[in-house]
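Worksheet: the structure to be examined is printed underneath.
Which chain is which? They are A, B, C, D, E and F, in the order written, and residues in each are numbered from 1.
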Amino acid sequence: MRISRFPVPPLESLPEDVRARIREVEEKAGFVPNVFRSLAHRPAEFRAFFAYHDALMQREGGLTKGEKEMIVVATSALNDCLYCVVAHGAILRVYEKKPLIADQVAVNYREADLTPRQRAMLDFAVKVATRSAEIDDRDFEVLRTHGFSEQDIWDIGAIAAFFAMSNRLASMMAMQPNEEFYLMGRVPKRRD
Amino acid sequence: MRISRFPVPPLESLPEDVRARIREVEEKAGFVPNVFRSLAHRPAEFRAFFAYHDALMQREGGLTKGEKEMIVVATSALNDCLYCVVAHGAILRVYEKKPLIADQVAVNYREADLTPRQRAMLDFAVKVATRSAEIDDRDFEVLRTHGFSEQDIWDIGAIAAFFAMSNRLASMMAMQPNEEFYLMGRVPKRRD
Amino acid sequence: MRISRFPVPPLESLPEDVRARIREVEEKAGFVPNVFRSLAHRPAEFRAFFAYHDALMQREGGLTKGEKEMIVVATSALNDCLYCVVAHGAILRVYEKKPLIADQVAVNYREADLTPRQRAMLDFAVKVATRSAEIDDRDFEVLRTHGFSEQDIWDIGAIAAFFAMSNRLASMMAMQPNEEFYLMGRVPKRRD
Amino acid sequence: MRISRFPVPPLESLPEDVRARIREVEEKAGFVPNVFRSLAHRPAEFRAFFAYHDALMQREGGLTKGEKEMIVVATSALNDCLYCVVAHGAILRVYEKKPLIADQVAVNYREADLTPRQRAMLDFAVKVATRSAEIDDRDFEVLRTHGFSEQDIWDIGAIAAFFAMSNRLASMMAMQPNEEFYLMGRVPKRRD
Amino acid sequence: MRISRFPVPPLESLPEDVRARIREVEEKAGFVPNVFRSLAHRPAEFRAFFAYHDALMQREGGLTKGEKEMIVVATSALNDCLYCVVAHGAILRVYEKKPLIADQVAVNYREADLTPRQRAMLDFAVKVATRSAEIDDRDFEVLRTHGFSEQDIWDIGAIAAFFAMSNRLASMMAMQPNEEFYLMGRVPKRRD
Amino acid sequence: MRISRFPVPPLESLPEDVRARIREVEEKAGFVPNVFRSLAHRPAEFRAFFAYHDALMQREGGLTKGEKEMIVVATSALNDCLYCVVAHGAILRVYEKKPLIADQVAVNYREADLTPRQRAMLDFAVKVATRSAEIDDRDFEVLRTHGFSEQDIWDIGAIAAFFAMSNRLASMMAMQPNEEFYLMGRVPKRRD
């Protein structure tokens, strides 16, 4: 299957900084995730997309890397985004070292093996993803009772917002996940 | 009213490049749109957000600047996003030099004074905004019959996707539009 | 653009009482709002419509004229009714002498500059407009805690119900607002 | 059970014209339908409501009286309005002399024993009731292919719109149907 | 009208046990409900369907037979299932000896003449029917405060689930209710 | 985590035929799927459930076993049913010998690697699952153009209907999938 409805330029045709970024992720992951190849036909947008992604996902704060990926998987599942659920499901399994967690969060996060704090985090992320106009001060109070700071709340909502964009781009492209993602993190001992 | 639920740092506390960007928009517009002040508490995200925004909105292509703003207003209205409807409604009026167009597109773009090509553009943008998982090849065929190129289609969808993010950030912040936006472009002779 | 999909008879062809009513509103407003011209092709319905409208909107009671218009704007926006949002938005600005209020209430009344009492009023009006079968006694209790009498509650719900009808008629006609409404009440000092 | 959440004044306390109207319906039907008693606490609205109702429902045109009641039952069922479904279901059975038709139209008009023309009529009425902002010229073309005139289309839409109001008033009141309505028209030979 | 879109085999062609079951219901009811004739073209599924139905509906427990039928009618109405609303509405009237109850529950169970316990039962049944993924422990607590045991809760949910299946089969078949059901239980003295 | 909110009786306490069925599946699968243990507290319902399941899923006809599981996975995903998506996703992978197919169908069957015939099959199954009251003769015509017989169409719809029930039971129980299902069929060479 085609990985995108839009042009996927050959790597050698890309600007040097874009190629460098792609080589970097390839060395780390062992393959080039299709989102890098699919967005590369628009270098300026590519740079902004990954700068934004990294600012949110690599920032140190009150959320663990696994918790950030829970937000991505739960909200992407509501948008039926194949690429984001499969790719970030893989990353979630790797970070959390729990081979079952991604499928649970993707199908119904209410029945996943989560702490009450993580459940509250996902309730807010889902509200940002699906009913953002109804957010009110009580939502913030609930999060504070679970120990989230103002900056943590920003992170939850901003990640949900960023993937609201990302899901729509992926669906517009019909972007396919790399095969590697489907199995990654499912057999913890032997593979990771 | 507060312009955001989150911190709004004083300008002098911001990194130099962020301040420069804010001074630049202030000189052009005559005031600082609140989105600049509201996002500034996270400089890395601020930089990525506006880099992304400019890459999409200032790119030369098959869509006019006014048409891009129609996409912003139509999709932001579906998300009930006060800031984006009011601020981009103002910009739409200015670009199109039509004082009625923004309210028409915001309330019901199906009844707005648009060309059939613009109507098809908004139908696709709205599908990206609200039902992106259902996008299929027939949607692309419809756009092509209206003369949109593959790159134009990307622009339509990517702008809708970017403001899916932007709307959610604005609602999370309860970001208020500057008063200036409400009247801008409504009295074309005297003000523009 | 045509002001209606249905016939718009010349004024001189109308029954005397219908013409008198139209002359009266023209003298007061300075122009004939299109709803008068669009409904006139059915004189019996015209008479009943405006009798009903006046009974609700001009009745003395616990709601101010501005508050009644807030109900019209908030519920008409949910129905994406171009005529009602633009025309009653204008009237709302004039009554409240607040040039920003109509756009706020139309886009997202939850973020508008309202009192808690007005917010509760609109929550109930919106429930009548969109989920009337779920109204229960607790909704009445909430309104009473904000000081609304039984007759006030009737007014809130009956106005929301009347515009549920009005919005549907306007959308069926594709009724266009007069240009005058778009700017009315936006520049309070010079124009009102 | 109470017939309304709001005051139901004794007949003798009502203005003479309101009482006359109620006596008239009582003589015709053999009992006073609760909608007359429930709306009487607001005489001006009572007069406008029934003037509007009669203008639409008693007007001569391309729709039979039974077809008009089909519109009422189908759209009131979508609004879960107990009074309107039960009372107008009874009237529908009486006019059509078909004891099964009202339940069919109320539960799922798509499976009711109707002509294709009646099915098209209800499809439009339901669109007016539930998605009026999406009405477009193609809806009118479909109705014209079934032989509906412009005035017939107005009747279909205006009846759906009027009961959009009526359903909301009834649900706000929790108005109960008279017991008589439940059985009326179900045993054609002996009762009608 | 055809009673099903699918084959309805003659009784004499059916396996002996299926015919016996049909004869049994005919003797009891005085006619063969169409669901028996419509499912008979698949004998193995016929047997399992009625075995399941009887296990749920004839089991002794904390719910009366009438209450079980309330669940069927309320949830089938939400699915717009003509056969189930009409046929089980009849059975509900017969069990409860209340000629009005079925129409009330079908149109809007919130306004029906029910006990608070029955209302809570239907709230849960409706959640199982329409939003089962959101069921949580608080739903169980509410039911327990109304005196429902764990086994009663199972019955409520399992009946709602069984008719989620049954409604879908009936709508796929466009299965028509027998005429007898429409009037059954409406004139208690003379007919039952 | 508990496998069900309801009682899970020890195997030795169960009726002999129920135990025999459970032993049979355990021998075949290597473990006892939780649905067998969770439904066993109601033996009569257990027997009917699995008799129905087997009648549908093991019947010879125009659908392959893999295609039947696609229906289960696609419709269960729409109901956010954790047990059914995970357990039947595993079975789908095993039957189709395609390790990626289950995740594709669960997240967005429109982007899965399917034939146009399978896509049409799932479109109908999804309509049965989510909008059964709107099924009409045109849906049957579309399926016939893809070569489905009347009996195949029954199978598609009846499987979607059966899992409408099954999903609701599973969510009411908060039934957890066995860990074995999550990995089954993902590493075809070594395990199958």
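Going forward, a contact is a pair of C-beta atoms (placed from the backbone, for glycine too) under 8 Å apart; a residue touches a chain by one contact, two chains touch by 3 or more.
Everything numeric here is computed off the predicted structure, so don't read it as measured data.
S.K.: On C-alpha atoms alone, could you tell me the rotation angle mapping chain B onto chain F? Nearest 5 degrees is fine.
M.R.: Rotation angle, to the nearest 5: 120 degrees.
S.K.: Using residue numbers, check each pair in A-B, B-D or B-F against E-F and return the one sharing over half of the contact pairs.
M.R.: Overlap exceeds half of the contact pairs only for A-B.
S.K.: Tell me whether chain D and chain E, two copies of the same sequence, contact each other through the same residue numbers or different ones, using over half shared as the line for same.
M.R.: Same: most residue numbers at the chain D-chain E interface appear in both copies.
S.K.: Is the number of contacting C-beta pairs greater for A-B or for A-C?
M.R.: Per the contact counts, A-B leads.
S.K.: With centres defined as the mean C-alpha position, give me the chain A-chain E separation in Å.
M.R.: Taking the average C-alpha coordinate of chain A and of chain E, the gap between them is 44 Å.
S.K.: Between chain C and chain D, what is the separation of their C-alpha centroids in Å?
M.R.: Comparing mean C-alpha positions, chain D is 24 Å from chain C.
S.K.: Where the CA atoms of chain A average out and where those of chain F average out, how many Å apart are those spots?
M.R.: Averaging C-alpha atoms per chain gives centres 29 Å apart.
S.K.: Which chain B residues sit where two or more other chains touch them?
M.R.: 80-81, 108, 133, 171, 174
S.K.: Which word fits how the chains touch one another: line, ring, star, complete or other?
M.R.: Contact pattern: none of line, ring, star or complete.
S.K.: Which residues of chain C touch chain A once you look at their complex with the stated criterion?
M.R.: Against chain A, chain C makes touches at 108, 110.
S.K.: Quick one: which bits of chain C touch chain B in the complex? Just the residue numbers, please.
M.R.: Within the complex, chain C contacts chain B at residues 1, 77, 80-82, 85-86, 99-100, 103-104, 106-108, 111, 113, 171, 174, 176, 179, 182-183, 186-187.
S.K.: With touch defined as at the start, can you tell me which chain A residues reach chain C in the complex?
M.R.: It is residues 133-134, 136 of chain A that touch chain C.
S.K.: Can you check the complex and tell me which residues of chain C touch chain D?
M.R.: Interface residues on chain C, with respect to chain D: 5-7, 42, 44-45, 47-49, 51-52, 55-56, 59, 79-81, 128-129, 132-133, 135, 137, 140, 150, 154, 157-158, 160-162, 164-169, 171-172, 174.
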